[in-house]
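Each of the two complexes below includes chain A, the first together with chain B, the second together with chain C.
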Partner chain A sequence: MTQEQIIEKLRTMMRKTSQAKVDWDAVNTDSPIASLGFDSLSILDLVYDIQQELGLEFEAEELVKVKTVGQLAAFLAGKQK
Partner chain B sequence: MNNRRVVVSGIGVVTSLGLDETTFWQNMVAGKCGINRIKAFDIANYKAQNGAEVDNEQLASVMAARQLKASDRTVDFAMAASVEALETAGLKPADVSPQSTEMAVILGTGIGCNHTLLSANEGFEARGIKGVRPTTIPRCMANAISSQISMKFKLTGPNYVVVSACTSATTAMGIAYRMVKDGTVDLALTGGTDAVFEHRIYAGWNNLGVMAVNPLPEKSCRPFDRDRNGCVLGEGAGILVIESLESALRRKARIRGEICGFGESSDASHITHPSPEGQAKAITNALKSAGMTPKDIGFINAHGTATRTNDECESQSIRLAMGGETDRIPVASNKSFFGHTLGASGAIETIATILGLEKKIVPANLNLDNPDPACNLNFVGNEPMPVTAKTAMKNSFGFGGNNAVLVLSRYED
Partner chain C sequence: MKKLRHLLEYAAARFGFFLLDRISLPAAIALGRRLADSWYFLNKSRRQIAKENILKAKIASTDSEANRIARDSLRHFAVLAVEYLKAENVLNEGNWKEHVELDVSPETMAIIREPGRGIILVSGHFGNWEVAAQILSYIKPVAGITRDMNNPYTDRLMKQRKQRDRYTLTPKHDAGVDRLLSVLKKGEILALLIDQHASERGMPVDFFGIPASTHTSPALLHLITRAPICFGYCLRTGPMSYKFKAVAPIIHKPTGNRQHDVHTILEQLNHELENAIRQNPEQYLWAHRRWKIPPPRVS
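Up next is the complex of A and B:
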């Protein structure tokens, strides 16, 4: 799966879990995840949904340095076997 | 202690008959039945194949229009009905007025957030520990229902969930009524919610031996009928905004009805088999709480589950408590319209009772073709009945020997 395809899937998953009103069509690789309406609990749901949807195994702690949607997509692309 | 009058100013429903008060009531008066063959899962191997399900597309569309995110199905029902109840009470959910922030949220559920719990079980079976959603606990705890509503609408009064099987909503409304009556709060959001159509939970009901088996869904639920053979489950929520009369008048709210009394009791005998004495005690306690006698009751919205045991027992209970007035009082069950909605049933049926008092019509007792001689009451027939009565009674009886009864009136100055 390409990073673009991953971003498209992330948009859908984030829209479902986010607590804020966000213009999801405008979300791009540079969008900071912190601006997308997740709190300490809903971000756990997002990580769970990503693992389920994309079939990837990783620890939430591995995402400490991930700040933007693009960085998250790159991280997930790297986890693909 | 205060002894304030308590009125109903907001109504919200999510049922198989409609996801708003108007549609729900129109369908009841028109005699439409919301029971169909169950679609939520493959029903082929179950004995009891009929149910009153909330339409998923309609629910999604109402949730989107009311700007709600899906959580557990039980919470979703309550949340969607709460928006309608707050709006009809003149309390805009998006901009809750300062008065309403002191609202209590007291809700009932029979089964609670079982969909979340059982999907955690599925996750564990599939992926082990990592397969369990990290937010399973805050999603599946029973009080998530009232807590999510309290948070969403910034309602800072007490919030909790009452669990007493099929009396849950009636008990919750009774507690909320007492809180408003004694001045603990001016307003309360109250009612109940349940979402029973999960294949493993439903298997438990299927195997319990109390469910109707009938190839014709719309004919399967037959309260008090000679040929009834069990209950048909439904899902949904009923939510009311109740408040002190002073608060409603101050806010110039549209008053829909009045709660005049609440009574409860326990059979203290058997976990599923009811007792006429226990139920009659709750009815008598409700009348006493309202300062009324059987002469004041214009009609009864029965628990009427359509099991052989319940309907016969309830008939005896009504006769025990209402004595010589019994044969005068019209009795009807709503469950042949939208099934037995368990922990939501008391609230949805209380709403139907309040609408009946307001519009002076008691909806029909669908499928009561041949009243069972063992249920010797003055039943409403297969057509709606015009009524002028000012006061009615709502019965709810549950597994566990839980009995709860409300006395409701049309509001008059």
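Up next is the complex of A and C:
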């Protein structure tokens, strides 16, 4: 999967789990994840969805350093075998 | 007016600790029971909630039996508070085995003893969960989450009293995902209570056959970190005597259906808690509005 494809999938997953009203079409690589309406509970939902829908294995705490959608997509792209 | 009330409560708490540190354990327990009886008599609304919960859960079928269990439950929690505060001076790393019988599944014990392996230990407001955390901390560091008290002065006093080297309590507002994940990454025990009403963010899971809004985070943490999750509790068997019981860990393979996976795990945990409560209903905190809002059943 390319990084762009991952971002598209992330947009869909985030739209499902976010607690806030966000203009998802405007979300891009620089969008801070913290601004997208995730609290500690919905972040756990999102990590589950990412692990299962993308079929990637990673340690959840590796995501702590990830701040933007672009960084998340790059991180996930790097986890592809 | 609020500040004055808080300061008066703080003064009462300081006096209470002063007294507690100077009287014997039997005297402190007897005093705690008397205070519990007074509170039970005076606090009609909590008394009513407890009795209704006991009848709703079919633990008792008559009002008088529900009343007895509700009163004994409150006495138990007064004793719990006394023993927890006294435990600082009684239980230590050298003697805790004289006070605690361990009844832990071999698989769970192996994980607890394994250095560097985190585990999520789930319990309820049952038995003496605070002493349980203290006991376990002698084997492996324990991290729990606490809710700040409404009174900031007594809150600070309790936190100063409760903090121990290997048993740390994080305030709920500080217990972000990164904090919880780091506990498991460090190979510690993450101790969580599962039986508080979780409002609209919770998942309806049957508790005594009635849907109760249940926190999803314990199950989600297990699913995304693969850290084992197990149910355990610490029963009081006599003055400063306990039995710590923990069942085999749940290792649930994610199916891709998050709602289903979370519900399955929570259902299992609630079921374990129900079983424990049925055997010792007087040691459960019945005065909490567990079924506050009747959520719809999940099909």
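By our rule, the second predicted complex is superposed on the first by the 81 of 81 C-alpha atoms of A that agree within 3 Å, B and C clash if a C-alpha of one lies under 4 Å from a C-alpha of the other, contacts with A are read in each partner's own complex, and residues count from 1 in each chain.
Here is the rule we use: a residue touches a chain if its C-beta (ideal position, glycine included) is under 8 Å from a C-beta of that chain, and two chains touch if they have at least 3 such contacts.
Being a predicted model, the structure only gives us computed values, none of them experimental.
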Exercise. Quick one: chain B and chain C on chain A, clash or fit?
Worked result: clash
For this session: Considering only touches as defined above, state whether A:S40 meets chain B (first), chain C (second), both or neither.
Result: second
For this session: Tell me which partner A:A26 touches in the superposition: chain B (first), chain C (second), both or neither.
Result: neither
For this session: Quick one: classify A:E61 as touching chain B (first), chain C (second), both or neither.
Result: second
Exercise. Taking the superposition as given, does A:Q51 touch the first partner, chain B, the second, chain C, both, or neither?
Worked result: both
Problem set entry | Which partner reaches more residues of chain A (counting touched residues only), chain B or chain C | C
Problem set entry | Where chain B runs into chain C (options 117-125, 207-215 or 405-413) | 117-125
Seminar exercise, completed: chain A residues contacting chain B in one complex and chain C in the other 41, 44-45, 47-48, 51
Exercise. Can you list the chain B residues touching chain A in their complex?
Worked result: 69-70, 130, 133-135, 138
Problem set entry | chain A contact footprint on chain C (complex, rising order) | 175-178, 180-182, 184-185, 201, 216-217, 220-221, 223-225, 254, 256, 258, 261
Problem set entry | Parts of chain A lying in touch with chain C, wherever the complex brings them together | 40-41, 43-45, 47-49, 51-53, 59-61, 64
For this session: Going by the contact rule at the top, pick out the chain A residues touching chain B in the complex.
Result: 16-17, 19, 41-42, 44-45, 47-48, 51, 57
